[in-house]
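Dropping a structure here in structure tokens format, bear with me for questions.
A, B and C are the chain letters, set down in written order, and residue numbers restart from 1 in every chain.
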Amino acid sequence: MSNTDGQKIYDIAGEIFPICRSLSGRGVRETFDILKKYADITVTEVPTGTEVFDWTVPREWEINDAYIENEAGEKIIDFKKCNLHVMGYSAPVDEWVDLDELLTHVYTEPGQPEAIPYITSYYKERYGFCMSENTKNSLKPGKYHMYIDSRLFEGSLSYGEIVIPGESEEEILFTTYVCHPSMANNECSGPATAVYIADYIKRLPKRKYTYRFVFNPETIGSITYISRNLEHLKSHVKAAFNLSCVGDNLDYSIVHSKYGNTFADKALTNILTYHDKFSDYSFLERGSDERQYNAPGVDIPMVTFCRSKFTKFPEYHTSLDNMDFVSPEGFQGTFDVLRKLVNALENNGYYKVNVLCEPQLGKRGLYPSVSRKGQYDTVMMLTSFIAYSDGRNDLFDISNITHIPTEELIEIKDKLVANGLIDINDCAW
Amino acid sequence: MSNTDGQKIYDIAGEIFPICRSLSGRGVRETFDILKKYADITVTEVPTGTEVFDWTVPREWEINDAYIENEAGEKIIDFKKCNLHVMGYSAPVDEWVDLDELLTHVYTEPGQPEAIPYITSYYKERYGFCMSENTKNSLKPGKYHMYIDSRLFEGSLSYGEIVIPGESEEEILFTTYVCHPSMANNECSGPATAVYIADYIKRLPKRKYTYRFVFNPETIGSITYISRNLEHLKSHVKAAFNLSCVGDNLDYSIVHSKYGNTFADKALTNILTYHDKFSDYSFLERGSDERQYNAPGVDIPMVTFCRSKFTKFPEYHTSLDNMDFVSPEGFQGTFDVLRKLVNALENNGYYKVNVLCEPQLGKRGLYPSVSRKGQYDTVMMLTSFIAYSDGRNDLFDISNITHIPTEELIEIKDKLVANGLIDINDCAW
Amino acid sequence: MSNTDGQKIYDIAGEIFPICRSLSGRGVRETFDILKKYADITVTEVPTGTEVFDWTVPREWEINDAYIENEAGEKIIDFKKCNLHVMGYSAPVDEWVDLDELLTHVYTEPGQPEAIPYITSYYKERYGFCMSENTKNSLKPGKYHMYIDSRLFEGSLSYGEIVIPGESEEEILFTTYVCHPSMANNECSGPATAVYIADYIKRLPKRKYTYRFVFNPETIGSITYISRNLEHLKSHVKAAFNLSCVGDNLDYSIVHSKYGNTFADKALTNILTYHDKFSDYSFLERGSDERQYNAPGVDIPMVTFCRSKFTKFPEYHTSLDNMDFVSPEGFQGTFDVLRKLVNALENNGYYKVNVLCEPQLGKRGLYPSVSRKGQYDTVMMLTSFIAYSDGRNDLFDISNITHIPTEELIEIKDKLVANGLIDINDCAW
């Protein structure tokens, strides 16, 4: 199995990995500048203070440098070496303090003593430093210089969009995040995959659906996006897929919509069922953009697709989620799933056979002319497709009923269309 | 865990235990006189001969004394020591007979040689004596004096009612029995629990529902009650719970309604699910008042609640079902379930969040201001409640979906109401 | 358990076993001549070339003799000894060839070296011989005489019908095959059973439903039949049962309709559930006439009943499927299932108890007058029937809910009718 596509996505993720992103600010814009090399992203800026439903767009955060220095002038931790060392949205500080006071501003993950945790304080102004438990334990009494060169100011929040038109105005929506600093799976993997799959879709000879990709900061970003586009989304989106943690090679996961019963649930569950083993999470284990899109009154049919689901791998939200944790193989698996998904969506329809009783397949070269024991598999797949082509089932339904993967059903469908045996409709007959 | 309430119910059960009750007669009325000390019971008398649906109210039975005496003048069995010794509704007799003839009127439970069985013959006039298999085996040939001082006469059947009004005329109905002689679980436990919980409900600062408690003889009594109140019941009862065998400490049980799909099934099943292990019986294992209330054309949404279900414990319908078989702990468990049930019913509603996307919990002090790994449980419970507050789910639905007990959901609901985040409706939006 | 009926069906199967049947021709007509001794079969001839939906009725096939002869004049295989030796619908041949060329026309079943396989080539003109793998391996180099005295000509396809009128014009349809040569289970068993059960039904004192039996060649025959009777079938058939492989004693099987949700599925599944263990096959494992009757736009509620399902027993489509493979015991099991099925269909209805609350069974002699522990089974069955006689359930529904076989429910129903306690309707109230 070639990992050509997976390697390319891995490389894009690697390009954006070093940047210090947060809810807003320079890092987000630098990330968009890189991603624009791969797809036509339109960036929108929403000013600080804008009301978005129950929320307000926060001040923009700018960070230039941060460290803790000891009396010997040695930097204990240095933002320039790892941007997780500073708590996200930290206020500025420039102060010498005793160890005891220093520790009131230090965050570690005691259960993973080598890992630097990812910590934020978006909505209450404070400052803080993150380090490994080991580093913390090595600190000796004495004076320490806490230094953060940051500022919070009236700026704007940025989100990006790609729209690839299709024959229909109905949309397939993909969303992902641009607010996480240097963590590879969560979340350099999502944006890297999104621009790559957008490019793949753009190159398709034709498209039935319009495809929309949205890149935003998590929570406040998606709320902002939804607040500005709710009516359009509600009237156009047929299925929505949130991409998060799609670069590791340990699992495949779906996090279902609120009731697990939307077209997006049906489509992705089916694809994963015939792709590989996967973990099936209910909405109770949500934690990503599906929270906002599934909110009462929003009700966009969104599921989240992950390789290993956020919070389920120990590297999650620590410095261990680095470019070694993700892999070309991991991204290749993600690409394969999304390629199959798009292929199934593009070929989807409600089928209706146009002859009564089974058609005579033999005269069309679709049936072996000598009838004997044990040769029925191909024929059974064909006649099963026909039997359930009664206008009530779409491609995913037929796959679920017959246990035949959509990719094989599409081949059968194309044969039946070529022989003029079935008619296709966009909705149930 | 305190058993304060359980002890009080146990004591009430102990007060009514000694009385010889049957379908009708003095014992039933004496029982009501005791129960009236704890709750305002209105007793109704229905005359012998009254037609009630397919049945006729039988003659009233009065029993003063009964025994079997041997030639030495020793009483082999004595009604005054245990009222199970005489078959319920026995006709009078006063006759010396040989052992052989005596035995044609004697009932035992051979599989439980120490137990006196509970036997009745309501609708065919006969007389009989019940004793342990051991006593029967000890009888020597000789003459025996069969003596029953009873009479069957044109009297009346008694049933009792408590009505506790609430804001709404919709009713929650509880039923139980007053026709069993000295057996503790079946059925001193039901009436004792009913008057105690009625008093508990009466003391609530406010009530959404009206609560009705009905105490009647089994089968003919409930048929009589239904025949006189059918239209009222059909138009007012939202959920009905029959209480039987609620004093032991061995199990919790629900006997479902005919199709197991009423609001009463949903409510009690949910409460039991988050209370303790319990046995789930279908209507095929019915045997109590749920038979009449679920009959075609009656169709009151009734389930039966038991600790150990009738017929499932060996002491059932024998002298072994005594005050040692029930316990303060057993009654406390029953009280806890009913208290949770009433609390959930009173707080029930269909909830609808009134902001789009997730509300900003942080600005209301409902969200930790530092965001880090592993702290999400409380927040997830809150946001789960909100996510399913889409106007389609009531308290029990949300509990079933989120696996959060109603008691905890009620605390969340109160917080959300206090913050003006949800609206509440009595039915789905 | 008597096998009287099973023996009689076995004997009929034995009578038609020797005949060489195919899609059309003399063998089919000889078979009808024998079957007519047992039931009034009307035979219809449909000319070669008639268009039937997507198909065309093929030429008729006549075969008189066939063999392979070696240079010594010995017949290696001889059609007169076993008609499976010639491929069905073989064109004529009369030619001496080398062993190598001979083998290009020889079919065996290598996995079953002693078995002669059953092979056909209906829709492409060719000729061929079938033999055991052992026979093939014994052939030495040399000249062989391939001889088939057959002809394909403009004739007709034959199908047979029995119609037994009932009170209603609603029909119960049974179908089976007359196109298989000398194989016992598949398919002398189906026609033999069909005529026997038709005779059984005809002798019933009265019939609620009209019963129709159709005997046709598989696929083209059923397509022909449906094409000429579609409107009648769609407007009259309440349930349809295809009979195939009903003579062995190894299993019971149902092959469900397309969605497994028709009245025929409900009826036969219920009967099998309370008859014996059985195999439950979805429509994905179809392979018989249920394919045509369940086709989109045809939509006749048909299931297939088998003992061992076609393709599931190794003797299938070989010379090992002979009169030793089927048995009187096997046919008796089939007869018992069909008898119970017909009995249930004839007694089926939607029941409604006409008193409120439980009826007083005691005054009608339906309840023991002394009430004591452990005696409730019969009463529970009776009151369960009554409890679910609410106008919503038919006989099969009540059986499925209460787990009481239809045969016992019919006895209860008759008692309730005799006591005037229930009303019966043909559809839900």
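One rule holds for everything that comes next: a contact is a pair of C-beta atoms (placed from the backbone, for glycine too) under 8 Å apart; a residue touches a chain by one contact, two chains touch by 3 or more.
These numbers were taken from a predicted model, which means no experiment stands behind them.
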item: Copies subunit C and subunit B - interface residue numbers shared by over half, same or different; value: different
item: Rotation angle superposing subunit A onto its copy subunit C by C-alpha atoms, nearest 5 degrees; value: 120
item: Where subunit B and subunit C are represented by their mean Cα positions, the distance between them in whole Å; value: 54
item: For subunit C, residues contacting two or more additional chains; value: none
item: In the complex with subunit C, residue positions of subunit B that touch it; value: 53-55, 87, 107, 109, 117-124, 126, 128, 219, 222-223, 226-227, 230, 258, 283-284, 286-287, 291-292, 294-299, 311, 316-318
item: Residue ranges of subunit C touching subunit B (in the complex, touch as defined); value: 352-353, 355-360, 362-363, 369-373, 376, 380, 383-384, 386-391, 401-403
